[in-house]
Amino acid sequence: MSFRRTPWVIVLAGAALAFVPQLGLPAFYDSLLYLMLHWVVLATSWNILSGYSGYFSFGHGAFFGAGIYTSANLMARHDWPFLWTLPAAAGVAAVLGVALGAVVFRVKGVRGELFALLTLAITFVIGTIVVNTPLDGGNGVSLAAVPVPKIGPTPSATFYLLALAAAVATLLIAWAIQVSKFGAGLFAIHDDEDAAEVLGVPTYRYKLVALAISCALAGMAGGIHALFLSYVTAGDVFTITVPLTVVLMSVLGGTRHWAGPAVGAVAITGLLYSFTAADHAVAGKAMIGVILIVAILFMPDGILERVRRLWQRRR
Amino acid sequence: MNFTLPSLSLLSQSILSGIFVGALYGLMGLGLSLSWGLLRLINLAHFAFAFLAAYLCYQLSTMGMDPLLTMVVIVPAFFALGAGLHWVMVRFRVMPFNSLLLTFGLTGIAESVIQSIWTADFRKLESSYAQQKFKLAGLFVPVPELITLVLAVGLTFAVWAVLRYTDLGRAMRAAAQDAPVAAAFGVNQKALGLALAGTCAALASVAGVCLALSFTLAPSQMYAWVGVVFAAVMLGGLGSALGPLVAGTVIGISEAITMAVTAPSWAPIVSFTLLIVILVLRPGKTA
Amino acid sequence: MRADGPTPLTEAPLRAATTTGARGDVLLRVQGLSKSFKGVRALGGVDVEVRRGEILGLLGPNGSGKSTFINVVSGHFAPTAGSIWFEGRCLNGLPAHRIAGSGIARTYQIPRPFGHLSVLQNVAVATMFGGAARNPAAACRQAMRWLEFTGLEDKAGARPDDLNLHQRKFLELARALAARPRLVLLDEVLCGLTPSEIDDAVALIRRIRDQGSTIVFVEHVMRAVMALTDRIVVLNHGELLAEGAVGDVMKRPEVMTAYLGKAHA
């Protein structure tokens, strides 16, 4: 088991990728890579709860959105510097998630499909609240006046580097959980929650912690994304797109491994952009649906698992 | 949030329109509830079917066909489509949860297909019915909505009667409760499953036609219905024929009152909050 | 109804192995335990004592509440009424994972292994969460020992699906033991096994008791009940019907009537 090597591999890869902006590629690439890393964070964070423990949430959009709006409002209305809004965004999203989980996880019957539907409903409830209150007010929040900190040579490079840092952190956290006692408990919950509980796994607490971590990371990604978009509207954020995409990326890459969602994220983002570049954006969306279907029918364990098994057979 | 107390006539009109839209929720929920309760498959593609049917109705009407007559073409087509989808799911042994994901994917595809054929622009079916309305006890009753109500109530009771009183209905309920035992009694599950799936899709297509008659269509609108209809299905109890209609009406009226008292943009919160409350308080009722 | 006096000395020769633990110490005391499911009464006011170091048989016809008893004591279900005392502490209202942490483990009649984890990982989870090991590495090492104890060491890397019923039952046992419990609740662990597999299982259960655990043993296989148990308790319709030594209790007329024919191995 390449146990202790993995975190170093992640960190070194991150450090190496930090030099990409120095290559002086056109801004388009910085943005594309930013988006890939952005989805790596979203998909991996989603997987920490949903993939590991089996509690498939369709509400990742709500927490991501909470992060976006926290950051946006702090920057636009209260003049907070951008970087300080990120921990706030993570915090708000985590609190929201824990509040939800504290209630929902107590109810024994809400698992599987019901949990998925409930979390989907949460997304729309929060979206509606945001639209109708001064948080958005129906007009969105404009961040055009907010300065982008000079972390990289250009603004798009800055976002890339921020997303890179977030991705490295998220991957490290996902790996650390997977190999820890906490992760073992989550995997046990995935297979048989009642048996796990009887074996001594504190299921309620573990699910809440996983949810909190997942939401905090999504919130942080949201905070970064708010400034990237520079104009935020509730209608674009609180939709079914984020949950659908993260589910797809994780299922495609493999939900039982820390790197699975990242593989899926890079693959899907790459595919989508090759479609958009070729001017077939709508077909791209259809493609996503097709891929999800194919993945569920033929590769229920994900790409990573399939590859790993082939590798093992070679040995 | 501004609260304004509406006049009695405005409130009554709102409640009436709430009943009408609730009937549509019920009609849309009928097929979904049957599919989930009796087939143990959560079919998000139900919404895709409804919208595809709606767009087809729109298309055929603009080509000269009477909107209600389009059902003659549309309903059998969707019956076949629904049965086909079910056949695929059974063939690949798709578990209940994966059926949610898979139909999720299908819905995404359907949205793209709709968008590529009919573009993202709003489309409104201009039919002879659309302009007609009459006055009943001082309230306006638009004909398209009335048709929807009639169809919803009629089909709901028809399905209920079939499930309750016919051998076919009893067989379906038996298969849903305990498949192996039902099979031992000669119930042909495969055929029943296909027939039921086809019926659910057919019901969705009728809902789609009603949708086309009363509402403006846009591909993104599909998702707006998901929450509300799921709420109606769950409130009404899975597998129940009358449930979605009753629950849908309750939701429709609550939404209408909310809209009359505050602002239309607050309406979605009603159904989703109801859904959440139901899931938390009585999940046992749904599973 | 409590048994008075020490267990009779008419043990079968097989039980000549040394018994450990202070006899007579009450490990588990259940008083007035009741459990109802939506009006169906599964247990009605059961009083039982389990003594340290003994193997207590829990018998009764189908539907008498034996599995429910195990489910309630292990925390799978909360009792409707009554109290459960373990090593002097009251377990009522504790979540199941804390009951497990107190030193009680159970097996399921139909094995419930974690399907996506390997045999070794299954046991490692039990080790970690039963308090016997703190990190995954130590847990795996300990888990290996338990696999050796139950004879499953070659199957360490296999998935539970690849095991036959006998091996899966032993996996259940290994998992239950990995937490080093003081009380082990076995729910029809011999059900479905062939005669030679039953002999293996009986030997294993005896080894379990020999290394310090107390066992409550729900079973229908009379051969094993006769060979293993010190005392038995018979339930019928959720109530305690009889209690005492095997040979004695099974001859009582009320017990014979309760069983619609005796179960044979």
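As written, the chains take the letters A, B and C, and residue 1 is the first residue of each chain.
Note that in this section a contact is a pair of C-beta atoms (placed from the backbone, for glycine too) under 8 Å apart; a residue touches a chain by one contact, two chains touch by 3 or more.
No experiment lies behind these values; they were computed from the predicted model shown.
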**Q.** Middle chain, criterion being Cα centroid separation
**A.** A
Q) Where the centre means the average of the CA atoms, what chain is farthest from chain B? A) C
Q: State the pair of chains with the top count of C-beta pairs in contact.
A: A-B
Q | Cα-centroid distance, chain A relative to chain C, in whole angstrom | A | 44
Q | Cα-centroid distance, chain A relative to chain B, in whole angstrom | A | 32
(Q) Just the number, please: Cα centre separation of chain B and chain C in whole Å. (A) 51
Q) Can you list the residues of chain B that touch 2 or more other chains? A) none
**Q.** Touch list for chain A against partner chain C, complex
**A.** 179-181, 184-185, 187-188, 190-192, 194-204, 256
Q. For chain C, which residues are in contact with chain A within the complex?
A. 74-76, 95-97, 99-101, 105-106, 108, 112-117, 121, 124-126, 128-131, 134-136, 139, 175, 179
**Q.** chain A-facing residues of chain B, complex
**A.** 1, 42, 92, 94, 96-98, 100-102, 104-113, 115-116, 223, 226-227, 230-231, 234, 263, 265-266, 268-269, 272-273, 275-276, 279-280, 283-284, 286-287
Q | chain B contact footprint on chain A (complex, rising order) | A | 56, 103-104, 107-110, 112-114, 116-118, 120-122, 124-125, 127-129, 131-133, 138, 239-240, 244, 247-248, 251, 282-283, 285-286, 288-293, 296-297, 300
